[in-house]
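Chain nomenclature is as follows: A, B, C, D and E, assigned in order of appearance, with residue numbering initiated at 1 for each chain independently.
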Amino acid sequence: MATPRPSSRLRLYWLTDPSDRGLAVMLLTPLVLLVGLVVVYPVARLFRTSLYNHALTSGMPPEFVGFENFLLIAEDPVFWRVLGSTAIITAVTVPGALLMGLAMALMANLPFRRKWPVRLSLLIPWALPLAFAGLIFAWFFHSEYGVVNDLLRRFGLQPVIWFNSPFWSMAAVCLTIIWKTSSFMALILLAGLQTIPRSLYEAADVDGAGRWRQFREITLPLLRPAIVVALIFRTITALQTFDIPYTMTQGGPGDATATLAMYIHENTISFLDLGYGSALAVVMFLLSMLMTAAYLRMIRARG
Amino acid sequence: SAETALRIFISSQHQPDIWREVLDRYQEAHPDVTVEIETGGNTSEAQAQYLNTLMSAEDSSLDVMILDVVRPAQYAAAGWTRPVEGVDMATYLPAYAEANTVGGDVVALPAFADAMFLYYRTDLLEKHGVAVPETWQELRAAAQKILAAEGDADLQGLSFQGKAIEGAVCTFLLPLWSLGGQVVEDGEFEMDDTTALASMELWKGFADDGTAKPNISEVATDDTRREFQAGDVVFAVNWSYAWAQAQGEESEVAGKVGVARLPAMEGGEQVSCLGGWEWGVSAFTEHPDEAEALVKYLSSPEVAKHMAVNGALLPAFPELYDDAEVLEAAPWFADAKEVVETARPRPVTPRYAEVSEVIRTTLNAVLAGVTTPEDGVTEIEARLRRVLR
Amino acid sequence: MGSILQGKALRLIVAGVLLINGLFPALWILLTSLKSEQELTQKPITWLPESPNMENYFTAFTDQPLHLFLFNSFMVALLSTLLTLFVSVLAAYAIARLNLRHRGLILSAIIAVSTFPLVTLLVPLFEVMRGLSLLNTWTALVLPYTVLSLPVCTLILVSFFEGIPRDLENAAMIDGCTRIGALFRVVVPLSAPGVFTAGILAFVNAWDEFLLALSFNSNPALRTLPVGIQMYQGEFTFPWPVISAALIVGIVPVAILIVLFQERVVSGLTTGGVKG
Amino acid sequence: MGAVAFRKLSKAYGQAPIVQAIDLDIADGEFVVLVGPSGSGKSTILRMLAGLESVTGGEVLIGGQVVNHLQPRQRDIAMVFQDYALYPHKSVRENLGFSLKVRGVDRAEAERRIGEAAEMLGIGHLLDRRPAELSGGQRQRVAMGRAIVRRPQVFLFDEPLSNLDAKLRGQVRTEIKKLHQMLGTTILYVTHDQVEAMTLADRIVILRGGVIEQVGTPDQVYGNPANVFVGGFIGAPAMNFLRCSVRDGVVDYAGQVLLTGRDDLPDQVLLGLRPEHLAAGRGQGIDLSGVVQVVEPLGADTLVHVDLGGALVTARLDPALRPQPGSRIDLTAAFANIRLFDGRTERALPCP
Amino acid sequence: MGAVAFRKLSKAYGQAPIVQAIDLDIADGEFVVLVGPSGSGKSTILRMLAGLESVTGGEVLIGGQVVNHLQPRQRDIAMVFQDYALYPHKSVRENLGFSLKVRGVDRAEAERRIGEAAEMLGIGHLLDRRPAELSGGQRQRVAMGRAIVRRPQVFLFDEPLSNLDAKLRGQVRTEIKKLHQMLGTTILYVTHDQVEAMTLADRIVILRGGVIEQVGTPDQVYGNPANVFVGGFIGAPAMNFLRCSVRDGVVDYAGQVLLTGRDDLPDQVLLGLRPEHLAAGRGQGIDLSGVVQVVEPLGADTLVHVDLGGALVTARLDPALRPQPGSRIDLTAAFANIRLFDGRTERALPCP
């Protein structure tokens, strides 16, 4: 046997033939390095800054204030308002994108002879840079020059001044986000769908399950890991919703569609209040982790 | 020889080629200095985004940067710009002296000027025998008259910026100033509720009585320009850039455009809102002296004239508006002088960004009908008081 | 198959709706790109361009180095995709297959990376990149983009790897592969749809990003598409037709490229491999 | 009811014909076993009957009705898949109960049937496991159980016992037989196991390359194979064939006269002899002699492979007999056990 | 070299012990067949030997070296998986050639070996297909081929022929035998097929519930099963057992005296009788009589299940005999063929 005995040449053995743990370390190293290099310092600084009163425009050096920023946040009515909008956007667009994405994925997975039109339609929303999606949809929803109102008019309906009302503004923003993000869902779910063995559907067919039943009993459970992944990240990005309302409504009317991320952006980039902005970011991080934990628990509970 | 390489930041919309010409001249005069242009994001916002990142990181790669007129105070407070010494600010239009002076320090020097104008349709005014309005009330009457006579459903009397963008701050301030109001004085919050309310009510009134469109809350600067240019607007409040476009070959209204000072409130004075850009020296520059010298040059009458003639940029020096060469290149500058002279800078405070945010979102909410003018004023008052504490 | 949508008519209707949903905005942008500026302010609005012409495309390419933007975006996206895939494949395998003790914790940590809004990391990230002398290089973008995409890609791959029958991997190890060999020669090809999806995600994440691209690469020759397209804007002006043209040039080839690529990824590969 | 019929049923993948215009009638309640070499289209036929595979040509009838266009679930069949196709995310219990749940069978009844099937298959203790935690044979039994809990019109079994040990296989086979007698359901059953085929079948269908070679009762196909292929395929070890020439009614193999007085034969015949019909010794009818090549003691019998000078024949002899490889041996067979086939067409000829 | 040994090898899933402290030595070049009921741990043992399953306790040795911590690829083994484990994304050719490619065998040589294996398994025409396009038996042959192209120290076969028809199985079995003789590689082979076990094995290992019940040559385990379990497990149909009481050296079954003069027996014995050792009639040694219950004609034999008044015995009789169910039948067996087991411990007792 050409292989060395483990006991005699322990070190070499470890290198050529890593145990599970050694191997795990090896495999996770690139990730850890990259993440460490790129975000650990920024994140550490973020946490630190959140404990300081660090408003550049005050002309004063940063001052350690402990959790004061967080107390301020709790008392900040704007924070609660943007948090509310963010919650609405999350609550509407995450399920919305999930349903839409699921429909798109199921459709793209159908054995159409030509798959590319469906797949293209699935990808295009996504390939459209986020920075422009909001602008373009603002244009679509424009009360006079927008194609949406034009269509409403053509169908004999009353056109809406979308951005004049908090409700319709929010609706337009949510629709746009759903449009833009369902591709993300659809792609992940489509990939998941493709790995479900056909034979299971055959077995279910023979067992007498109709399409809906098959969907519920086979597709959904087997798709669950993919759904959870998609949900986790969609939720995180929904909590971070920024570009679309920022370019579409500037948060208007008033601050009806302003989101937490916009508020963070404003505080950090425009107001240069780094302490407060960082504290807000930490709050957002905590919220994200809370949601993630809930999802992870969901997989573990039933997985 | 110790050659100094300077790097200046210009937005690519501000005609970097023409700036290059003046920089080349400067290099000829100062062989030991080379100046490189860095062009960045085209909007004030994109530049702020970029510059704020760079400056927060205390980056020394830029020596000189162009700043929107609302920013020098903020940059100075953050310690990002270095005061310029030995400049007689009196040579500039007074508003620029004000905008660039913080606590006695000159924190930046004007690059070029801008202001808001009243654009109007000479043909329509003439046709209906209406004079150029000098008060908003006159404007309303004129617009109503023309609208009624024209009977064109697509025609609107007045277009202004109601979207929650920076322009909306000017929209709010114009009537307020006209009535002698203020928002910030010497860095202190100093707003008079009656003038503020008058402003809110004025704009909301325009939307309600059909002088302006009901969707005014979604109108941004360029929407105003585009609609005016399409012939759908009688009066428009806009910056100077719209002039060239309105008279351009793609315009429906070329040759039928007039500009004037913005109307006053009844009993008030005619004021405009100051725009324009400033040169600032980065606090992190490794060549402070050379950078300062360069800024002084760039902010000199000589350069301003060159830019006016070749780039149609409004000069920050009053005398250049009477300069023959300038007027030959841009005859309408003659009309602009008055406007620029009566323009006021937006509140000069390090917390301007917050001030702006409060004002524009509130005005937007009022115009959209989400808040009443009264509540809007109360809201502005409450929030600004906290910001400017 | 796995669809609740049955009946040809219903299927076609739904397909139609989804097609319109996906393609209409792009189509509208395309139409806009063929219109003139004035046509946009006509009332009522026109659908088809009155006198379609390619002038805006011409402008898009002459006004700004659009080809450079495309090239930069493409290269940055491609490099970051490759790097992301490599790193996340390794990590995902470790998480999916090796019985790690703190699996939940590791997963949460990875997810945590993506929970910070970029703006708040911008300045320190800038300092990091400056510290590494990477500003104004593709790498300055490739690295953060990779990190941005890593969490989602890793999680996707984990869920895929878990679905691959272990015996296939076992067979490969018996056949003489190392675990890593088995990973790349069997597990990865069999997770093709997942790897591919992760790839597109990474690609589009990089393709889309604006903030870092704006701040880290001030050299115009290194501008990426989203930053580049902004250059058509003025302070106030937003030339829709030209920007539309630039967007079409930016989106369509990429989308088509991805679709073509995807057509080649065979689906449902695991069938026929094992009994059970 | 549960009668099944195929009318010119065909299937092709691309150009390759897999099943070629098959005609077959299966009476209600009949137990039909499909046998044939690997790849001969057995699974394909079951799958077409189940509606899982599209039909290239011809018709499938269940209960007298053409079902070509019916969905599998509308055909009221139960099937054991050759590759099991268990639901990986469901426990064994859920796997077994799924079809009942779908069809709205009430809980208690479902539990009862699951219990019965699990009992019968000896998987009662595995009900809460997932398929991935089962051994190969256990999985197969779950697959089997999934079909059994149903009470369909037609059962389709695709090699349902191949991964079970002989003992268990025997047990389950008996249970299947009982089930069939009890329910009277039509059954189509694919197997490679001779014993299963012989003991379970009312009729056996032998397939080759997608074509039916013979249909008959076990006795018929074993005793009177329609052609050389069937003769060789049914029975293990396989039938021995000796290529003989016929002249003037005399059949001789390599110069050795085996039969005489057969004027009805073509000039080339294949003489078929089953291993179990060969005995050591001489004089029972025809005699052969050759050299022992390999001896395989099976316990209950001994297989002896004998070289007759060109052809190799296998004889199943008494386990006590252990001839030495290399030694000469005499073999004999009764005339009644000889089968004759046309040397060219390979079809059966009248027996001596 | 290729010698394999297990030392107190154990495996448990959670609490459940699956393999319990097994000791076994397999000589280099030996052909060992593992048999046992479904779920008895056969696959688990192969997988531990291959290094695919962690060992809970004990050691695995190959060529005298402990390999517990070696990776599968370092153990130089080839394996046929019970569930095939074909690479779905590779063609048959690539499936076969993969291990060679990985090990850097040169192209031409690889092609040659693939060709040989494909030839031997009759899958030459399928080389360009994907596994999904194969029938069950074809897949199994590919799985087999994948192991065969290698020339490892040890072959592990997990029910490699279960999906093949009898004829093909016979052929491949012969080929495996030849291969073994040619290469002299150690082989561990799991099968449920009695014939395979008997003909291929140098030694047979009988497992039950993770414990070795007997190890021996085919003749030994068939002829002298160590206990009731082995007796009942080896041989199909299974050995019949009659529970007899012993008094004063007289063994009697239900009042019928079967043996006399056996003073060495405990008071309860099980008398084992293989079906093939029962003949119709009387007088060969012990005589039994009962009512025919079921008659199963298998072609080469007829199985008759006879109710002896309580116990059911199966007799393998001449195919010509077809007794009527319900009729009485006399059965007889030679003394030499009788096996005795302790009625309580179920262990074998000295034979009469």
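What we mean here is this: a contact is a pair of C-beta atoms (placed from the backbone, for glycine too) under 8 Å apart; a residue touches a chain by one contact, two chains touch by 3 or more.
What you are looking at is a predicted structure, and each value in this text was computed from that prediction instead of being measured.
Undergrad: If you take the chains that touch chain A and keep only those that also touch chain B, what is left?
TA: Looking at chain B and chain A together, the chains touching each of them are C.
Undergrad: Hop distance check: chain D to chain E, minimum number of steps through touching chains?
TA: The fewest steps needed to get from chain D to chain E is 1.
Undergrad: Hey, which pair has more contacts between C-betas, C-D or A-C?
TA: A-C
Undergrad: Using CA atom averages as chain centres, what separation in Å is found between chain A and chain D?
TA: 57
Undergrad: What is the distance in Å between the mean C-alpha positions of chain B and chain E?
TA: 93
Undergrad: Could you grab the centroid distance between chain B and chain C? Build each centroid from C-alpha atoms only and quote it in angstrom.
TA: Here chain B and chain C have centroids separated by 39 Å.
Undergrad: If I count partner chains per residue in chain C, which residues reach a count of at least 2?
TA: Where chain C meets two or more other chains at a single residue, that happens at 40-41, 43, 122-123, 127, 179, 230, 238, 269-271, 275-276.
Undergrad: Show the residues in chain D shared as contacts by 2 or more other chains, in ascending order.
TA: 83, 86, 88, 136
Undergrad: Two or more other chains in contact with one residue: find those residues in chain A.
TA: 144, 197, 199, 218, 269, 274, in rising order.
Undergrad: What residues of chain A sit close enough to touch chain B in their complex?
TA: Touch list, chain A to chain B: 56-59, 138, 142-144, 161-166, 249-256, 258, 266, 269-272, 274.
Undergrad: What part of chain D is in contact with chain E in the complex they form?
TA: Interface residues on the chain D side: 13, 35-39, 42-44, 82-83, 133-138, 140-141, 158-159, 162-170, 192-195, 198-199, 218-219, 222-223, 232-238, 274-276, 296-301, 303, 316, 319.
Undergrad: List the residues on chain E that touch chain C in their complex, please.
TA: Interface residues on chain E, with respect to chain C: 47, 50-52, 71-73, 77-79, 81-89, 98-99, 102-103, 130-134, 139, 146, 150.
Undergrad: Tell me, which parts of chain A touch chain C in their complex?
TA: Within the complex, chain A contacts chain C at residues 20-21, 23-24, 27-28, 30-31, 34-35, 37-39, 41-43, 45-46, 100, 103-104, 106-107, 109-112, 115-132, 135-137, 139-140, 144-147, 150, 153, 179, 183-184, 187-188, 190-199, 201, 211-212, 214-215, 218-219, 225-226, 228-229, 232-233, 236, 239-240, 242-243, 261, 264-265, 268-269, 274, 277-278, 281, 284-285, 288-289, 292-293, 296, 300.
Undergrad: In their complex, what parts of chain A are in touch with chain D?
TA: It comes out as residues 197, 199-200, 202-210, 213, 217-218, 221-222.
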